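Have a look at the structure that comes next, please.
Per-chain residue numbering starts at 1, and chain names A, B, C and D are given in the order in which the chains are listed.
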Amino acid sequence: MIKHRLFWPTASLLALLLGNFIANPGFFAIELRDGHLYGSLIDILRNGAPLILIALGMTLVIATGGIDLSVGSVAAISAAIACLQISKLGDQNSISGMLGAMGIALALSLVLGAWNGLLVAVFGIQPIVATLILMVSGRGLAQLITEGQIITINSDPYKAIGAGFVVALPLAILIALTVFVLISLVVRKSALGLLLESVGGNPEASRLAGVQSRRLIWLTYLLCGLFAGLAGLMLSSNVSSADGNALGLWMELDAILAVVIGGTMLTGGRFSFGGTLIGALLIQTLTTTVYRLGIPPETTLLFKAVVVMAVCLAQSPAFRRKVLGRRKPKPPAQASQTQTKVEIPA
Amino acid sequence: MTTLADLGKITAARRKYVPILATAVLLIGMYVFGATQYEAFGDGQVVLNILIDNAFLLVVAVGMTFVILTGGIDLSVGAVVALSTLVSATLMEKQGWPGPAVIALVLVMGALLGMGMGAVIHFFELQPFIVTLAGMFLARGLSYTISTDSISITNGFFTTMAQTPVMLPGELRVSISVVIALVIVAIAAYVLHYTRTGRTVYAIGGSEQSAMLMGLPVARTKIAVYTISGLCSALGGVLLAFYTLSGNALHAVGMELDAIAAVVIGGTILTGGAGYLFGTVLGVLVLGIIQTLITFDGTLSSWWTKIVIGALLFVFIVLQRLVARRAQ
Amino acid sequence: MPAEILRMTGIRKEFPGVLALDGVDLRLFPGEVHALMGENGAGKSTLIKVLTGVYGVDAGQIELAGSPVAFTGPAAAQRGGVSTVYQEVNLCPNLSIAENILLGREPRRLGRIRWAQTRRRAEELLARLDLRLDVSAQLSTQSIAVQQLVAIARALDVDARVLILDEPTSSLDSGEVEQLLAVMRSLRSQGMAILFVSHFIDQVFAISDRMTVLRNGKLVGEFETREITQVELVRKMIGKELEVLDSLVDHDRPKAEVLVQAGELARKGSIEPFSLEIKRGEVVGLAGLLGSGRTELARLLFGADHADEGEIRIDGKPVALRTPRAAMTHAIAFSSENRKTEGLIADLTVRENIILALQAARGWTKPLSRRRQDEIVERNIKALDIRPANPEALVRNLSGGNQQKVLLARWLITEPKLLILDEPTRGIDIGAKTEIQKLVSELAAEGMAVLFVSSELEEVLRLSDRVAVLKDRRVVAQLRNDSLTPDDIMATIADGGRE
Amino acid sequence: GNAGTPAGGGGASGTNSGSSGPITLGFAQVGAESGWRTANTKSIQESAKTAGIELKFSDAQQKQENQIKAIRSFIQQKVKVIAFSPVVESGWDTVLKEAKTANIPVVLTDRAIDSPDTSLYKTFLGSDFVKEGKKAGDWLVKETASATGDVNIVELQGTTGSAPANDRKKGFADAIAAQPKLKIVASQTGEFTRAKGKEVMEAFLKSQPKIDVLFAHNDDMGLGAIEAIEAAGKKPGVDIKIVTIDAVKDGMQALSDGKINYIVECNPLLGPQLMDLVKKVSAGESVPQRIETEETEFDQAKAKAALPQRQY
């Protein structure tokens, strides 16, 4: 079942990679340079790591039928706080100082997630406007922290999170994968997954079955905030600076797109972390493809439109049935009647 | 057999207007607050300026209301607006087309784009988010391919439309765009409340599957709402072209969020099936008045501007919920 | 006999892993009521959906008035003169009653909907079913029974040659059923062909002229109602004799300990103050007519709505039941009458739906092990005969009756002290129904307190030690069930509880 | 043209010269999209204070609509002078006509507009983006004068469609057009940010077998690219020559560290100059139609000298 659900996203990802390989045989080349792996695939993993993190949190929120527009701003705030703290350190390379800064940033991200959760779960505000508030003013907060400037830091340990390597592999992707494995384990080994899916699938029925949806929804926003904060650290670490204005800008769209490509419905219910992971990698691959193929900036969006559409159509059973299926010979009596197959509960 | 002539039931029908009333009251409250706080804010023209400055957003939000009422979403609106301004500018300035012909063409183009997205959403059972996101990429991408420069519009028809004021009593004026936008609002409200298509829009939002089993024209209506949204975006683009007298691929970046926010603040439920067009008008005015309050203040730095916009939004939405809840 | 209006031959429909219909034939003549009979999951609803184009067929022919048709969907079927009430209420909860009845057919002038006339027309249609409602009220505020009637009223308005009713009576009380049957008779006399699905054998024998019986997706045969007995019919449907149940009430069982005590509990606009005691091992039935407040009473005891006044004591201690969750911590379970919107999570599997309440009670940090889950689910699938017996099937793909069994299973496994069952046998076939009644009675024997709500009075009386009678949102009487008859109850209701 | 959309009471009551208090200046800023912009804002705010001018500041968050709204509300509030940095070149006629009818003089800063009707504004104060691109190109031509064989250039563009990106690209291309050996082998938008600059450069380093020069439309993208170059095991400024525009502090630091080879300045500190102009304009004095801010270029030596005084 799970295999089946991830088949088309995976196939799309592989197709895109393959397309790159055909256009550019050096695409798969990976070499060891200065003790770390070097190549386009490595770039995709490393640059995709923050998106993976944010998209994982977004998956949880979307599973409950919500949405979080504020992730980009939360990432920016977290990055700004961390970089500000580190820039104040006497010794920017001090590990304890860095951990302290990161701790503050992540704690703040949790608070911001809790704020979103409060608005959605307690005040009952529609998630899209509830998180729009933090999306708008969070950006301002981030700039307030940096005073509109880019805070540049010079901290080797901090730089490692986003740009460093551990045993030749980028630390960022290791962190993202660890989070992926942990959250998958927690959600699937505990009953969290089931309960979230039930809240997203039918909130009233869940309430009557005793599911404490309020707490669960809160928890998802909390985690989403935390992951966004962590992603913010990674993004700022990658360029050793915090840019309150640009960091994580429009990231929420990419994250939602990753979730949707991964096969999770925006209306809530069934969700798949695996799908989200693949969706995020697909988006990052697409970005890298644009750069590698040298597609001019003016046509980049057209190219993206075509690829996104192709990926979606490939995943759509209705498309395969109606358009691709038509080529297969079928008994004529059948063909005329298979038009409106809709799955309906009895 | 059992009859029910219960008072509670009779008011139930009216109770559904409470949230919208609450919104209207709060909006007036905000205006009064502004008027006491800043001189010249109380001027009637300030209110009209909010309409003038947001006529295009209003039209786009009207289209969005249709889509959201069916439980869908249209992310492509901002890009279609930009594309429309650019196509208009290019055709008039570079090709010498007459203004009205350009408008007709742009409207058809917007409607076709919307129809295409609607058809893909319905027939291939894809999520509206992703299809309209692709539509956004497509429209924005087309704009960039047409021109990355902004193009000034000098066409006589457009400049007349842009600069002829519509006089109201008391030295007040609005622009022609405002009149167009209000006409669109009236037509849309009529369609939603007095035509079968409009009611089918609500039915689909309530339950698409039920609507289908009830024998309603689901396919046609779903495609229609995206067509309407595309059409409204294109018209919004034309109004923006009147407003700025320029075509630019970078126009209306992020307008889809403004439009969605206006619709949702106006009380329409994002999952569909409930909400009123008048709410959308209020939603647009709320966004407009927040903006105006901030410009009148004129002391906020760039980041405080954002923080205060968020804060005002927060206060408004929380009050809206509290008032509505109390009243019910 | 006139020529047949509808003929389906050799219909075959396969879903992934399930052969739902296999060579089924059906004939329908103008001016007849034709019953479509079969157990839960036999394929009745599927046949109807295939006919009206909701599903495509894999093989077979459909002819309407002699010419082959292949409807592309309900809209096309309606245009072809086939009006359908599908199983489950398929209406728009966000719209008013009037709109739901007339959506797509609203009276118009120059394209403009005339609302006053729409409302009047809706009222007229409801009046045919002897129902007077505020038609501008939102549908979602209505009980499932009212919703079912609204759906019927909608179908009646269509100018149709064929009317299909898939379990229209599953939550109607006897008065409403009578009314519906009367309407059906009058339509029949006007020459309409009516296809009727019901698990109430009495109704089928009261109204139908002929019947087609399905078993496991296969055609058993077509019969004249006059020429078949109830016992024969049941044997054809379920393949074995049905045991006849007498009263399951056991008066000798000791029922001393009061478990739940509601004192002057009330909620404005939904139920007047009432006091009710339920003892361990006791089955208390709630009887009343449509909209009398049974569901609302039950919801108060479960904390689904909260009371404005009064108190609830459990084992003598006052408790606050503000949420369902709170009620569950006091071992109360509530199976809702509306399984589609308040019961099941359609996109989850049978297994997940069954364990949901138990898991929710434990909290997310204490998951049931997969082995426990499988074991519990398998046991319940067997006990309730849920078909297909596949724990990983999506609930949305189950037949209506089987969905209801899943909902019941969900609450049975929580081992509650008080089990509140609101229309628990809705849409369940006669075979399974007796099994469920026996089960309830056994649970009571083991000391469980049961609050049993059903619009089928016989069922209530068969099981209950005591019956609380409701009228107009008031508990008007509490009667000990010493061989009470339905007539006694109706008399009490008519009396309005005047002592 | 007639005053288009309403100028309201302000338009009707005509002049506003009667007031005696401090000059009020309505300033509609683009946004706070970069450190450069923030420095620009700060300079304007501070010099307004020292000049005793009452500043009404509005942030348009990169949206032309917002800027038009702001200008309209300045007219409503009867400010004495309006100044703004246009988000885009075109589309200002309507609202500027309203300002004209209301007798409020307008000063453009930083970016120009393309309106043929130059009576709509009193003066323009700012930089010429085309010229900046050209300066970068000229330097490169000089730098590579002795080079034989092809010089492969990669370009990091600003936000697609934005005026600085369009103009700097154009100026640079014009300057190197005469030199066939100078080839732009890859050009991609880095959206003016470090993160994108790094990401795009990473891809360039893999897709282009040989890169000699990087031209970045601003310092930030250049700084991002430097990280990518270093991660690829190459030496920025040596293996790949880098030329950028802006001269913000971090850029100057990199320049004096030898990681950048040349920076064309784009000066954000036009506050004092603007306040002078505002005073003149409101006093009715005539001012030149176009004033360019004083801007220089920095090579590594000059950067070392200038770095200590660099404040933004």
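Throughout what follows, a residue touches a chain if its C-beta (ideal position, glycine included) is under 8 Å from a C-beta of that chain, and two chains touch if they have at least 3 such contacts.
What you see is a predicted model, and the numbers here were worked out from it, not measured in a lab.
Comparing the chain pairs A-D and A-C, the larger number of C-beta pairs in contact belongs to A-C. Averaging C-alpha coordinates per chain places the centre of chain A 34 Å away from that of chain D.
Measuring from the averaged C-alpha position of chain B to that of chain C gives a distance of 43 Å. Note on chain placement: the centre of chain A and the centre of chain B lie 29 Å apart, centres being C-alpha means. Each of residues 144, 148, 209, 212-213, 301-303, 305-306 in chain B touches at least two other chains. In chain A, 143, 148, 297-298, 300, 342, 344 are the positions where the chain touches two or more neighbouring chains simultaneously. Among the residues of chain C, those in touch with two or more other chains are 54, 73. In this structure, the chains touch in the following pairs: A-B, A-C, A-D, B-C, B-D.
Residues 71, 120, 123-127, 129-131, 133-135, 137-138, 140-142, 144-145, 148, 209, 212-213, 257, 260-261, 264-265, 269-271, 301-311, 313-314, 317-318, 321 of chain B are the ones that touch chain A when the two sit in their complex. If you check the complex, the residues on chain D that touch chain A are 31-35, 37-39, 41-42, 157, 160, 186-189, 191-195, 198-200, 202-204, 206-207, 220, 223-224, 227, 231-233, 250, 312. Chain B contributes residues 1-6, 8-10, 12-13, 16, 190, 193-196, 199-200, 202-203, 205-207, 209-218, 273-274 to its touches with chain C in the complex.
Residues 54, 73-75, 77-78, 84, 86, 90-96, 99, 103-104, 106, 108, 111-113, 130-134, 136-138, 141, 154, 175-176, 179, 269, 289-292, 472 of chain C touch chain B in their complex.
Listed in rising order, the residues of chain A touching chain B in the complex are 65, 69, 119, 123-130, 132-144, 148, 244, 253, 256-257, 260-261, 265-267, 297-305, 308-309, 312-313, 316-319, 322, 342, 344.
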